[in-house]
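Heads up, the next two complexes both have chain A, just with different partners, chain B and then chain C.
And now, the complex of A and B:
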């Protein structure tokens, strides 16, 4: 019943220059800090200045990348908007809490409250495109985008003639970053991007932000960029290899059918061993591609990995800076993305040419 | 083609200002007894001047009822959710090999802890174990652990239509063959964040809210949680108490917070719910309206009802139950789904309290007293910020 979802356009904002035309991780911007804000494109090119001034970073990034994705797909309208965000418009949430703590009882500015609502990015897109269709927002930690992707596949199986915008956005907070640091999530010891993996890894994540949007439908056209065949999430598992085997089996495949894997290595020595075990047990000798060591960690970074996988399938090679292990492939027709965050929120996406 | 999968409701649970469980909520509805009053538990500068629908028990008492060990970090949103979800799954063994999902909705998430400890976290360690509870998804994950759901877990946040959307997703996943059973609903506790947020929008009434009244002047906020168990009707583990026969969703695409004058989103959502169910509007016996009692919502929703039905006289009995519970945000769609099913079970339409004068521009009159009636199909509306409009259609278990 659930059929593949074809991608016709995509765009991403990240801590790398992913908005530059033709950029394919040939040049990696280095950082020595934590957290790392996303690189702002020239938002004015796509968003009227008056509107732009009122938008928080999530809304800006989401509007910009969704417009770019639409341009690439050659569309100006859309039938539905489905998004994922781990933490929503975090900075406005912080601003409003701070206003309450300082001035509760006074008349507070409502804008940060309104714009702290988790569905504001999806709503802003609907408003910009005058889209009366289905509009959904998932907020499920590091599985938020996968939930949106699954809903997109269900929606298109119900409405085979429709075209949807599917996307993800997460922004950095300020105080929240301090809290995550206190909770031990963040890398303190010489945080760098590209983040050293394997033997060089230390504890903690590099916190980043970004937005990635796709235009998708169930109908392939000659200009389609690639397709998503399946997506699955799992809150917790004792054994990732079993999870992956079952996922592939469900779709009539085994590991030999996979030409390359994108793994969520983020340089956190506490959890990267999970990827190592999977690679050794199931994908030895197959190219393994990293993405979080150059994009940082945030709840919806898997959306950027999906865009990357489609680019890899299109270009038929892996940017050397992203090849974690294995050979440069001869031919690539099917990729598997596997990621988790802090041992939870396992996500699997199967992508084909 | 095979016959389409029917979606049965086999369990429900609710906690709100008018009751700690479904029977208590029903008794209040039947007696037209509201739960709106001054803030008792929440510490806010607005305590003296605001009427809300608060659940009158503390977090410690909620945790005790749930047998959660003292000292574990559960926020009020999660505690309320667990009370309701536990009631919903009573008598349904989840470990029966069926694929069970948990789809929960919240807008507050762990904000009540974050706002309480925002500065405290920086200076002392005492409450830092609450830091991870902030994200909305964390509440759902704690629920999944507590209830033992492993197959599919996700969280929806689309403002005040969140729970209706969670219920809709559960039905769609069952119909798509991805799940056999889904625990669906929503939860939001009162927080200083939302209390001050709606205050900054100047959206509160100075007394008790008056849905669909010409003189309505704003809403009362409330807190609640409610969950339904949805199952494939042909493989339900219990006798159905109702069927979810229709659902519709649309975006108003008009304004960040306000509804369009002619209620485009609301109209499209209701129309679609009827289409999914394959029903004429005339088949609906009762509409449980969103009816927040803000000037804007009730006008837009009333216009949308007029567009669906053509004339005021053709609109079936309708009422907003917000004057009982307050507007419970991400829980509203679920608590009102429970009320819609209670209406089907007991063949009673619940009162729209505090109404005296119809909105002049609409001329529509809600049901103002408890009305015994033959009820076969109930439409339940939920609309939220960002133009997010949803409508659910529940039908009798015996048709």
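And now, the complex of A and C:
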């Protein structure tokens, strides 16, 4: 039996100023570009310069946010590191492949090769913390973080005395973004953040990047921020409402038990109708919260949604800029996160105070 | 020779991402490894690739590398003697 996972510390880097103390989406930074790189904090404040100089952006973001999460949880050590990433250290992967092409396989620089693997962030965190314990990275497209989250819950069920670092990171790559654009994934027509939703939505998504990390265990403490009760993924479904109903039923709930829903609206008119259908069929009158219209789209953005849901439960209100529909609630005890990417990789996370 | 050492310093700073250093901070005779700049084995590999790509010099003997990469000056001397 998988038990709830309690969160004791968390931190995130995104295209919004989420590293600023107390930031709760009260001020939304606007953009008129696509893709959008994450806002760099002062990495040197938490990462020694000699280590920092060789790290690519996803490693920097992962180390910084994991250190911040540990600080909030009041810890300096950890028993395991579990991460999720859709595309890993993309820039070094691109540099490595480009060098193979340019030099015809001769004299390849070692650093991009070493750092082109998807598990570099988890490895760098373990090295920084001298953590010899369980170290796992999940690479499952837009369900990568959910897989890491599920593994974290299973790991803690088997090791109830342990505390883990759980997180996700994805970075933009120049070549890959060009390929996405050629494939028609990206929004070309007036790409803006906040991205217009509903009637203002157009085709394409806003590509972004970010990192979010959590310190978690199975034991609640007075300073615990919230808990993850359940997580589920589904590669493809014909009917999202059935997926959600079954998920809730499995945990003895129905839609009336949900105080708010975080939906993955990203302003792509081709796929946002999925969320409209779910909202109208199952969550009419219940607060619906958006996050991708201010954070952009990347494979593990659901980790940032989890951090947002924990913040909402703690603050007991929804930032007005994120309220897509429904009323501002009186009380918030249980939130559901539902997201998908390009019609696939559906993810559900149930979060409670 | 001075021109080459200046060029080498700029290349090393760029190649090894020594973000906090400028060309003016590097002395020709500062040890690159150990107590000097504190470079490590991955940096040594990066320097070998740099010698090959920028100056057409292939280093195959590791013992030779230890002497060549002692300082900026020893690197410049080696390049002057061997560049193609």
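Please note the rule applied: the second predicted complex is superposed on the first by the 352 of 353 C-alpha atoms of A that agree within 3 Å, B and C clash if a C-alpha of one lies under 4 Å from a C-alpha of the other, contacts with A are read in each partner's own complex, and residues count from 1 in each chain.
By definition in this document, a residue touches a chain if its C-beta (ideal position, glycine included) is under 8 Å from a C-beta of that chain, and two chains touch if they have at least 3 such contacts.
Not measured: the values here are computed from a predicted model.
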Taking chain A as the common reference for superposition, should the pair chain B and chain C be classed as clashing or as fitting? fit
Based on the superposed arrangement, let me know which partner A:164 touches: chain B (first), chain C (second), both, or neither? neither
Taking the superposition on A as described, I'd like to know which of chain B and chain C A:49 touches: first, second, both or neither. second
A:305 contacts which: chain B (first), chain C (second), both, neither? neither
Go through the superposed model and pick first if A:216 touches only chain B, second if only chain C, both, or neither. neither
For A:93 in the superposed arrangement: first (chain B), second (chain C), both or neither? first
Could you tell me if A:134 is touching chain B, chain C, both of them or neither one (first, second, both, neither)? first
Check whether A:78 is in contact with chain B, with chain C, with both or with neither, and answer first, second, both or neither. neither
On chain A, which partner's contacts cover more residues, chain B's or chain C's? B
After lining up the shared chain so the two structures overlap, which partner does A:108 touch, if you call chain B first and chain C second: first, second, both or neither? both
Once the two structures sit on chain A together, report how near the CA atoms of chain B get to those of chain C, whole Å. 8
Touching chain B in one complex and chain C in the other: list those residues of chain A. 107-110, 114
Contacts from chain A onto chain C in the complex sit at residues 49-50, 52-54, 103, 106-111, 114
If we count contacts the way the header does, which residues on chain A are in touch with chain B in the complex? 1-2, 81, 86-88, 93, 96-101, 104-105, 107-110, 113-120, 122-124, 126-127, 129-141, 143-144, 147, 150-151, 154, 157-158, 175-176, 178-180, 182-183, 233-236, 299, 344
Give the list of chain C residues in touch with chain A in this complex. 15-20, 38, 42, 45-46, 49, 52-53
Residues of chain B defined as touching chain A within the complex: 44-46, 107, 109, 111, 114-115, 118-119, 121-122, 128, 131-132, 134-138, 140-141, 144, 150, 152-159, 165, 169, 172-173, 176-178, 192-193, 196-197, 199-201, 249-257, 264-265, 268, 384-388
